[in-house]
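Letters are used for the chains, namely A, B and C, taken in the order the chains are written, and counting of residues starts over at 1 for each.
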Amino acid sequence: MTILKVTGLTILDERTGDTLVKDSSFQLKKGTCLAIAGESGSGKSLTCRALMRLNQPGLKETGTILFKGEDISLFTKKEMRKKRGREIYMIMQNGMTAFDPSSVIGVHLKQAAAEHFDWSAEETERKLHWALESVLLKNPGEVMNHYPHQLSGGMMQRVMIALALVLEPDLIIADEPTTALDAITQYEVMNELSRLRERIGCSMIFVSHDLAMVRKIADELLVMKEGEIVECGTVESVFRKPKNDYTSYLISTRQALSDHFTSLMGSREQC
Amino acid sequence: MLKVEHVVKSYKQGGLFSQEKKQVLNGVSFQSLPGECLGIIGESGSGKSTLGRLLIGIEKPDQGTVLMDGADVSKRKIRAGKMSAVFQDYKSSINPFFTVEEAIMEPLGRNGETNKVETLLKEVGLPPSYRQKYPHELSGGEVQRVCIARAVAAEPRCILLDEAISSLDVSVQLQVLDLLRTLKERRRMSYVFITHDIQAAAYLCDRIIFFRDGRIEEITETRQLKNVKSDYAKKLLGALVMV
Amino acid sequence: MTRLKHLRNDPLAMISIVIILFTIICGIFAPYIAPHDPEEVNMNLRYAPLSWEYLLGNDHLGRCILSRIIYGIRPSVLWVLAALVVSVLIGAVIGFTAGYFRGKADTFLMRICDIMLSFPGYVMALAIIGVLGVGLENILIAFITIKWAWFARIIRTSVRQFAEADYVRYAKTIGKGHIEIMVKHIIPVTFADIAVISSSSISSMILQISGFSFLGLGVQAPTAEWGMMLNEAREVMFTRPELLLAPGVAIILVVMAFNFFSDALQIALDPSTQEKKKNVKGNYLLKRRLNRHESTQA
């Protein structure tokens, strides 16, 4: 069953007349993870924000986006707001800027839960505690009493993932969720993301410029360059046999870094 | 060459009358050799950026010394012409009012020759037409290239690379790393490469320092990376091998 | 300076510059330009309408309004400008020191600014006039005393933002001196902010000087001053509303010219806004923040 179907999505900058995303079409089956890879400026974030209808007014979008068979451009603003979070959830690159800096984390989480469910205060509290604990944040009560700037980038992303656990959305859009993090924290957050998928069985769109991350989590891969989709297919087939030169360039650069590293580390067994 | 001896640094926390201090560096000592690339790996909050600021002499340690060929780097006459740096944030690493040419000329001073700019641009793989461009017209990778050209312009002995590739796309990271490698061989400079990315450090560096909570956990030759002894270094490397 | 050429492509900026220069020249050469003596009373011409001899008519004492407007430029615009320049300079020196060096210097200077800012502006000005006596020069001294701390605080914030930028760190690394870094790297980027706050406070200063004249504390009666002319016209507001027009329009024109000029200057100076002039919005926000600041002060 297809949860999301995008046909001929084109995004134009009305002021300059530039085409930022050109005639892109793809679909997402229920329960799978689609990765969108590409360098900065390739239009991957714009595509994501178009799915949430969050792009700035100066950008003109054409084409259809069907979410569960319904055209999202036909929803009213109120319906769309109801869908965001409950049905389509977004994890951003910098969690810190996603929250209002003047109130503590707990307030945001409770608000988000209250927006979509009619739980009692205790039930909300209990569910949030459970969710925060299950993303390996010790002492959830304390975390909820912190302000966004007091948490590290990795912790913020865990909080975002915990909230997804509570809201149980059908589709999660993760826009460069690990780019702003340390190498070590990156891997931990990636693990949490894949566990999240297993637990609530949601579909996911994972945006990254790092193909190593993509390979770890995604089933299908879409490569964008200058606003156009240049390659698409299952992750394994793309990695094994890229059709496009640009894709093979991206893969080879990533490979060069990790190959050097594995060659350094690889001889461990022999020692 | 660069010699760091028992460096301690702490910052005041809280308001005007607060006496509370946070210790950021805790007795750090190491030495970098001429022509060597030394990697410093640590997580955010480990104090590696503070260490970077001390190495280029723009802050002074509370205790201990940072010496360059035996002289204190916090004196600006000492480091002029010998030290240089490339930083992380490509959006703010060139004065927005400077053209590429002005930026590269900055370390050369008034009697620098403008035709040197062209040679330098060529060396970092940019066309000479970039001379008159402003930083906002360049992509992240191009800005970092200009920064590298600027850093090597005065032929320094040591360059600090403070997360110099972390904000770039992976594909561009590799290009910049390769560029740094060739420049090092050609010019016989030494690098201090501060990063959180072990793979990048392993790609470029000769020796690697594992840094945590203001202390050095372990110093190892990159060739000996697989034989690290400390738990922390093992954990870091282990996380990567999993992928 | 090549960047200033971009101003030429902006018609609004050119009009503003022409108005500002014209006003300043008129003020300086007032005795040669004004058709009459601004203080010459002629009761026969009381409230006389516009005529060829008196282009803007005459006021309640039969004085030539045009001449009074031209002479009024001196206290209303020129002296205000001078006071502004002095207080911006003091503010800049202190703001740059505090924002660039930080640490103890910053804490010390900012506490002094806080103390200065904790006095309500008008009360402070009244106190200074009370001590020094009534008169234009004392009002200007009062202005400088009130305003410098405000400028210092804003300039310091702006400097702080750039003093941590990577290109400043780089310049420090290669051993450039503090003065050179400030001149080459910090003044150009903060100049736009300084220009905007200066131009938006010149309007409030013009109005304030009129306010003090109205209270009888500033410019003394026979001398021409725009605020005072407004005040004199206020008494006959309902019978002769046209008398309000000349000084009112003069104030509006000059204030607007300064505002548009500073906007255009900011856009022209910033290389990244030359092709896409998006920063206008940011500028607007900064101004709003400043205006709010100012209104809480008053």
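The rule is short, and it goes like this: a contact is a pair of C-beta atoms (placed from the backbone, for glycine too) under 8 Å apart; a residue touches a chain by one contact, two chains touch by 3 or more.
Note that the structure is a prediction, hence the values are computed from the model and not measured.
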Going only through chains that touch each other, what is the minimum step count from chain A to chain C?
2
Specify the chain most distant from chain A by Cα centroid.
C
Chain nearest the overall C-alpha centroid of the shown protein atoms
B
Distance between the CA centroids of chain A and chain C (whole Å) is 50
Between chain A and chain B, what's the gap in Å when you average each chain's C-alpha atoms?
31
Once you find the CA centre of chain B and the CA centre of chain C, what distance in Å lies between them?
46
Can you list the residues on chain C that touch chain B in the complex?
107, 165-167, 169-177, 184-185, 188-189, 269-272
Write out the stretch or stretches of chain A touching chain B in their complex.
39-41, 152-153, 182-185, 187-188, 209-212, 216, 249-250, 253-254, 256-258, 260-261, 264-268, 271
Could you please specify the touching residues of chain B with respect to chain A in the complex?
43-45, 139-140, 169-175, 177, 196-200, 202-203, 222-223, 225-227, 236-237, 239-243
Which positions of chain B touch chain C when the two form their complex?
16, 53, 56-58, 76-81, 83-85, 87-89, 92-98, 103, 106-107, 134, 136, 147, 150, 154, 156, 160
